[in-house]
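After this come two complexes, each holding subunit A, first together with subunit B and then together with subunit C.
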Partner chain A sequence: MPLLEVDDLEAAFLFADRTVRAVNGVSFAVEAGEIVGLIGESGSGKSVTVQSILRLLPSPGRIVRGAIRLNGVNLLDLSREQMRQVRGRRIAMVVQDALAALNPVIPIGEQIADVFLAHTQVKRQTAWEKAVGMLRRVGISAAEERARHYAHEFSGGMQQRTVIAAALACTPELIIADEPTTALDVTVQQQILALLQQARSELGSAILYISHDLAVVTHLCDRILIMYAGEIVEQGPTRTLFRSPKHPYTQGLLASIPSLHGDVQEYLPAIPGLPPNAAALPTGCRFAARCTFVQERCRAHHPELVSVGSHHAVRCILYEATTP
Partner chain B sequence: MLRYTLYRLLLFVPLLWGLSVVVFVYIHLIPGDPVQAMVGASASQEFVAQLREEFGLNRPLLVQYVDWISGLPAGDLGITFRSRQPIAPLLLARIPATLQLALAGLLIALLVGLPSGILAGLFKNSPFDHLFSILSLAGYSMPLFWLGTLLMVWLGVSWKVLPSQGYVPFTQDPLKNLQYLVLPAVSLGLGLGPYIGRMARAAVIEALQEQYVNYAHAKGLRMRTVVNRYVLRNAMISLLVVFGLNIGFLLSGQIVIEELFNWPGAGRLIVRAVLERDYFMIQASVLIYASIFLAINLLVELLHAYLDPRVQLK
Partner chain C sequence: MDFLKRLRRYPVALAAGLCILAVVLTALFAPVLAPYDPDEMDTATRFAPLGTPGHWLGTDEFGRDILSRIIYGSRVSLLVAFTAVAVALAAGGVLGVLAGFSGGVADVLLMRLMDLLFAIPALMVALGVVGLLGPSAFSVVVALGVAYTPLFARIARSAVVGVRSAAYIEAARAMGASPARLIRCEVLPNILPILLVQVTASLAWGILDEASLGFLGLGVQPPTSSWGAMLTTGRQYMYQAPSIALFAGAAVLVVVFAFNLFGDGLRDLLDPRSSR
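What follows is the complex of A and B.
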């Protein structure tokens, strides 16, 4: 049984005048201790998927269909209090904008101590000492003193370390990292990625890593899911996906990573056009309007996710025919 | 914090000086001769000239200003025009009554406005929030003198449950004093309460949209912790700042209520000074009220700096 199983998830924002279908029938699994990358551009539904897993969809967002199982238990069936005990303890979150995620008027240490107080039976003093320990563990020097500081007194990298410290506090089975390095410069990025890898090797936590940047996740992830317009268009082991990308969208993404080897290209290839409006999705393939291999049938027929190798699946008409 | 406090206090001195200049210039820029206005058009020219001489109004403006301001540090606010009494003791005698009414009114306003505004903000778009919006808008739109008159007529005149006019010092008869206090304080509180309530609601809604509140939920914190430490703590800080900026509402409302309920506070003294065209009294009162306004804002700023660690850096 996988650690996390997202099964046919459909989430939508029900506005008065229109329905924005942000996530449409997404299914995937994360095994214990596995690092899975969820890749997609802005508006592809990756953040909504994550918010659905934690049941923290902002209003008027609703989970319309599907199941989200953690060790076989459907999170959508849990009571509010049961769900609260899952958040931060079994599934922890690391966010992109650490400064905005930290309360500006409460010392850093107290915000980590709050996690211990919410999930374990400890006294305030013990929780504080544990929080200081967590800060030390994510590599913040003079942690006792630093714990009394406020978020704005920390550098961007230290803010992100603080958020990771809060996430690791209760040894979660799954860490969801939503673009945790986007706001950081490259050297700090590497330190944060190393910290996440360390969490996996030391605590055995699985990681669902959300990003719009394929290059960043290459070395981190065991497996990659590519999302486009609210659905998964290709998934497979990182190596396979990089060696033989099948979906034209994945191929386009890979082509747009600047290379340090080989010929210097004058122009970096980009995928033309914009993703479709989630309030008015096309009936056929959602990538058809931007695809270089588009055929007549693509605009009418919505392709299924089909297997094209071991653990490798793709949602494209070009590969549907090859399967029996 | 100590450095910041000293810095703000030091800054307060030139601020007060600037205020005195504005008040002085403002009073003296009013067109027409103040003495003529005070004694009326029928007075003889000789009488007017004599008064001008007596009050030193023939001297250059700068000399008059220096004369006025040099008395201020010692608490000399000048003398009234009609009775020729020193102004400072007159104002000072009114302080207990004014302070009592202001604090009681503020307390009622906070008791009415804070809990309802916070609840409305936390449960935005709930039936309670809609009810709150309607009631607070009604209270907010109702002029203070009208609200006070209604209460006075119902509770004081028709049902005769409370005295509607007058004042007894607390030291003389505490029970009577409180009876007299109820109507003006409730009027002031109900006038100011919806104002505070709406500010509190807005502050809570703003805080609820912050990412750190969402992240607090993602950490699995209990609802109580999220509301107290993440939502309210931040909302109350911004409420404090907005409240400081709007303190003039309380000060001006107080003058109206004092006049309406015959409450012998400093506000009534000002109203009388205006009616009698006592320029010296007006000048002194405006200076005092403006100083109180600035002092409260200073207090709010210091409190803000104490509560919000980001302030002292700016």
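What follows is the complex of A and C.
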């Protein structure tokens, strides 16, 4: 049984005048201790998928269909209180903007201690000592003194380390990292990625890593899911996906990563056009309007996700014919 | 300790704070400090002028020592102001936080009710309540408590709305904090400084309004001394004994001013982002 299993998830925002279908029939699994990358551009539905997993969709968002199973238990069936117990203890979240995620008027150490206090029966003093231990663990020097500082006194990298320390506090089975390195400079980015890998190897936590940047996740993730317009268009092991990307969108993404080897390119190829409006999705393939290989059939027929190798699947008409 | 260390960098607030402390101590140790029983009459020394040996601030129409009456008057002023503001802080704070945090219908209903109360001047609300309950220190506390509640409710609500959708509240929710814990651990520390500043400002108003109600004869009843009541009698004898009204008025002025200055300093001081 996989640790996390998202099954045919459909989430939509039901506004008075229109319905925005943000996530459409997304299915994937995360095994225990696995690092999975969920890649997509802004508006592809990756954040809504994450909010659905934690059942924290902002209003008027609704989970219309599907199941989200953690160790076989459907999270959508849990009571509010049971769900609250899952958040932070079994599934923890690391967000992009660490400064905004930290309370400006509460010392750092106390905020981490609060996570312990929310989930375990410990005394405040014990929670504080554990919090200092967590800060030390994520590589903050003079942790005891630093724990008394406020978020704005920390550098960007230290703020993100603090958020990770809070996430790791209760040894969660799954860490959801929503673009945790986007706001950081490249050297700090690498440190944060190393820290996440360390969390996996030491605590055995699985990680669902959300990003719009394929380049960042290559060394981190075991497996990659590519999302486009609310659905998964390609998924597979990182190596396979990089060696033989099947979907024209994945190929476009890979082509737009600058290379350090070979000739210096004059310009980076970009994928033309914009993703479709989620309030008025096309009937056929959602990438058709931007695809270089588009055929007449693409505009009418919506392709299914088909297997094209071991653990490698793609949602494109070009590969549908090969399977019965 | 950290707080006191930082207070040193705000000399005006520090001076105001010391002044408040002095007044509070005066009220606490009134029996020790006052040279006479404030209610002791002495017809032989009515309207003793300023500087009379033994009665340095003079005596009033019954020959009572003005200094002693002002010292004892501080008890009424402070007690009424502190309790009234505490009532308003508790009631307004709870209503405001609930309205702001829950939003929706509860928010609209609660806040329109507060607006209704807010539309009537505080002193008018207080007059109405005292009219219902009869004049006494207790009614003044209830009256001012009711009158100040909408102010605290509004400030608490707007402060809560300001932080409700903050990313750190969402983050805490994603880390499994319950609504009660969110309010206690995340929302309250953020809005407390704002409320605390309002408390000091309201204490100034409380002392002023208590004096006003006393002046109108609706506060504590004679012979208990209060600054407001002293102003009333002082007005009648303005020409024979100006010191009655003068020193009662000065006491109100100094305390109100001190609370306001202290509140200003506190506002800067309590913001951890202020670098001074």
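Assume the second predicted complex is superposed on the first by the 324 of 324 C-alpha atoms of A that agree within 3 Å, B and C clash if a C-alpha of one lies under 4 Å from a C-alpha of the other, contacts with A are read in each partner's own complex, and residues count from 1 in each chain.
The rule we apply is simple: a contact is a pair of C-beta atoms (placed from the backbone, for glycine too) under 8 Å apart; a residue touches a chain by one contact, two chains touch by 3 or more.
All values derive from a computational prediction rather than experimental measurement.
> With the two structures overlaid on subunit A, would subunit B and subunit C clash, or do they fit side by side?
On the shared subunit A, the partners clash.
> Touch check for A:Ile140: first (subunit B), second (subunit C), both, or neither?
Neither: A:Ile140 stays clear of subunit B and subunit C.
> Applying the document's definition of touch, where does A:His152 land relative to subunit B and subunit C: first, second, both, or neither?
Both subunit B and subunit C are touched by A:His152.
> Considering only the touch criterion stated at the top, classify A:Val132 as touching first (subunit B), second (subunit C), both, or neither.
neither
> Is A:Leu54 in contact with subunit B, with subunit C, with both, or with neither (first, second, both, neither)?
In the superposition, A:Leu54 touches subunit B and subunit C alike.
> In the superposed arrangement, what residues of subunit A touch both subunit B and subunit C?
Overlap of subunit B and subunit C footprints on subunit A: residues 54, 56, 84-89, 92-93, 95, 97, 100-106, 114-115, 118-119, 150, 152, 163, 166.
> If we count contacts the way the header does, which residues on subunit A are in touch with subunit B in the complex?
54, 56, 58, 84-89, 92-93, 95, 97, 100-106, 114-115, 117-119, 150, 152-153, 163, 166
> Note which residues of subunit A are touching subunit C in the complex, please.
Those residues of subunit A that touch subunit C are 54, 56, 81, 84-89, 92-93, 95, 97, 100-106, 114-115, 118-119, 150, 152, 163, 166-167.
> Considering the complex alone, what residue numbers of subunit C touch subunit A?
It comes out as residues 166-168, 170-178, 181, 185-186, 189-190, 193, 272-273.
> Okay, in this complex, where on subunit B does subunit A touch?
Counting only subunit B, the residues touching subunit A are 210-212, 214-223, 225, 229-230, 233-234, 237, 307-310, 313.
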